[in-house]
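Just so it is clear, A, B and C label the chains in written order, and each chain counts residues from 1 on its own.
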């Protein structure tokens, strides 16, 4: 093909991996992700054949189901320059654990490694891969940011969301005492060990409230639903949103766990 | 074959079944193991373990004091008896001391302290204060290195509630590895007991509160001596 | 010790309801957990040292046969004896025989997790030999007939009042709750035990192939009195403790105390090589090393080999939010916290301990702080795989996962099912935006609301948007 044409090189073709929780519970995060990616020059598509990253099966020790689901994803996202998910947990599954799957199937294992290399979490993708340094968002609020475990420890997501939040006009961010401590969600953990999980999320809620912030942000819907659920039960006024909603300025949906304005 | 030999063979056999080394791999493995056992080389030594002598002495003193050791510096060996006596006085302890029967310490001139009753030998459960000689000091953590020998029994530094240890400043090394190199140079292989001591005995086992003197000494005094010539 | 790990859930619940225990666990955060961070900050080379520590252990584990042989040869050169034990029963019998050979009535013990692992105390008592724990924490839990609740602080779960009660009953002295006096009492009582003991038993943090030495690390000085006063010294250690050289030991020691308690170095690190030498005024006349396998050779070459790097610092539990909520006794056996969740199934069988590898959110903090970089979450996940393979997963969970997996493998069907379900949930939850209770979601809604879905799924809305755009 002749590359001498003068038309600007189109941005990368990104397959959005919506993640099941966003798909089912919080579509607005998906639309925020699309907006952020398109604003950064990407062409975004959402393959129909996607469902789940397989992490619940993987963490339950069910390798066969995990591999069946991941195989489906590898097929669904064939040919995209990047696969981007608005979740550190799902992206962590795809990026760091998929390469260890398919021990008995070298051909699929190789495809898996190639696929994993293209997978990214949304905010770190914007900053680290696309070089985004600021977004044109504005929000007069006082926020605090929770580092979800998989994003933090598997994907080293720490400064990227803070960098972009710093650029949001009007937004003040106060750190928790322990932003890196787990909120107690842990997928099936929270229903397997509800008492321990409750203790953990209660500690987290107290830490959040201690910041004086009125808005809690994070990059993973599982953790957000857990913290929102506990904050609501405590009668806390702190509102909860996915960081992508704030960065994209997509704030039409009510905060997580809140009713739509009557 | 004794029972023990049978059990040994079974354990080593299991390991070799797992390793399944080819003859070539085995030769490489043996060569590596021999290298690491017979010619051990230091791993990374932190920068703080690589200071000059003055820096080492200063760091040793700071680190030892950070862990509640007392550090006194005297210029001559002959000053040790007075420093030991002063330590006992400072803590309202009887002027009684059991001292390692090391010729150097025996030549330190304890007679200069007529009130101080000194016995050369090993400590027993009645002794309240013991004094011995360190093989070396390690600056990086303010650690004393004591080597057991006929003239330096180990219990001296553990049984009495008060432990005094003489350390020539020239023997303050930066890092543990340098002290070990010196030990190998002087002694070849280690004596029965090499004790690395960093501050007095302590425990946090009751409600995570730091308490000194759990089993070993409640107090540790290091007597740094600059000129370590007897007489 | 009979494992009670299957009762994790109920024991954790009692632990959460125990304010004393919760206060003690809170102390770990402000003490050891914070101490580790500060110690690491003071040593710029800390992360590099962790890499080297990991590499040293990996190298030793890949050549364990040769290092064990070299170690044994050096012990014999130094006048000591080496005993090999394939399992716990053999190790107990060997120690008993050594004690009987010495005509021992009482033995003092310095903290040894291997002794806990093989249940040595109960065995010796049954044989008419009285074991006395000398580490203050171990002494306390021995008197209370409890297992350790923490690797480094076995009695960390107790308040000073509980210790005061215990000492009042045991020592027959007037009650005091002053920690200094309590420590003083234990010191006085145990001093007599040291002097009376015929045999001293210690563990070992490291065994050195270069010299045939065993290294103990304590803060109290009890290991030194345990091995220095009796006529016979027995070291019991598992075979993965062997490392090549003294240089390697000190690299590992540089990360051990800092990771454990935040100390720069523990108060006492003692290198013991053989029995007393000619002319020595003290030291044991006999030096025995018992090398224990107990399943470890089976871990070599398996998915669990990385666990054998563990140097027993306790950082994983000090930093585990689950341990810090549930406490050590919930784990139901000798080893607790994340390292225990990997080791316990190994020793007691996954069928008796599958609760433990599940008692983790996989938050990854244990791996983050482990001085030898053991991938603890991955190892726990391997146990979950084992549990799944052996059909030990509760049928409700298995069915739930099965249904989910069935649907998720069939995107079209999945869309249909989720669209219907979310439509219903969305309508039901629209008014409050969340559910305070929901059938089949008790585990969640017992303590937190469940945010309601928006109603239409993303995929539904996306398709509509695409259609309206085209």
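Operating definition for what follows: contacts are C-beta pairs under 8 Å (C-beta built on N, C-alpha and C of every residue); 3 or more make two chains touch, one makes a residue touch a chain.
Fair warning: this is a prediction, and the values are worked out from it, not measured in the lab.
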Excluding subunit C, groups that stay connected where the other chains sit: A | B
Centre-most chain [mean C-alpha coordinates]: C
Pair sharing more residue contacts (C-beta pairs) when B-C is set against A-C: B-C
Separation of mean Cα positions, subunit B and subunit A [Å, integer]: 54
Centroid distance [mean C-alpha coordinates] between subunit C and subunit B, Å: 29
Whole-Å separation of chain centres (CA-atom averages), subunit A against subunit C: 33
List of subunit C residues in touch with subunit A within their complex: 8-9, 12-13, 16, 321-322, 325-326, 358-365, 367-368, 381, 383-389, 393, 397, 401-402, 404-405, 407-409, 411, 414, 418, 421-422, 430-434, 436, 441-454, 456-459, 461-462
Sites on subunit C touched by subunit B in the complex: 24, 27-28, 31, 43-45, 48-49, 52, 56, 59, 62-70, 72, 78, 83-86, 90, 134-137, 140, 153-156, 158-160, 163, 179-180, 182-184, 186-187, 190-191, 195, 209-211, 213, 219-222, 224-225, 228-229, 239, 244-248, 250-251, 253-254, 261, 263-283, 291, 293, 297-298, 300-301
List of subunit A residues in touch with subunit C within their complex: 18, 20, 22-28, 30-31, 46, 48-52, 54, 56-63, 65, 68-69, 72, 149-150, 152-154, 180-182, 184-203, 225-226, 228-230, 232-233, 253-254, 256-260
Of all residues in subunit B, those that touch subunit C in their complex: 4, 7-8, 10-12, 14-16, 18-19, 29-30, 32-33, 36-38, 40-44, 46-48, 63, 66-67, 121-122, 125, 140-143, 148-150, 153-155, 158-159, 175-177, 180, 189-209, 211, 213-217
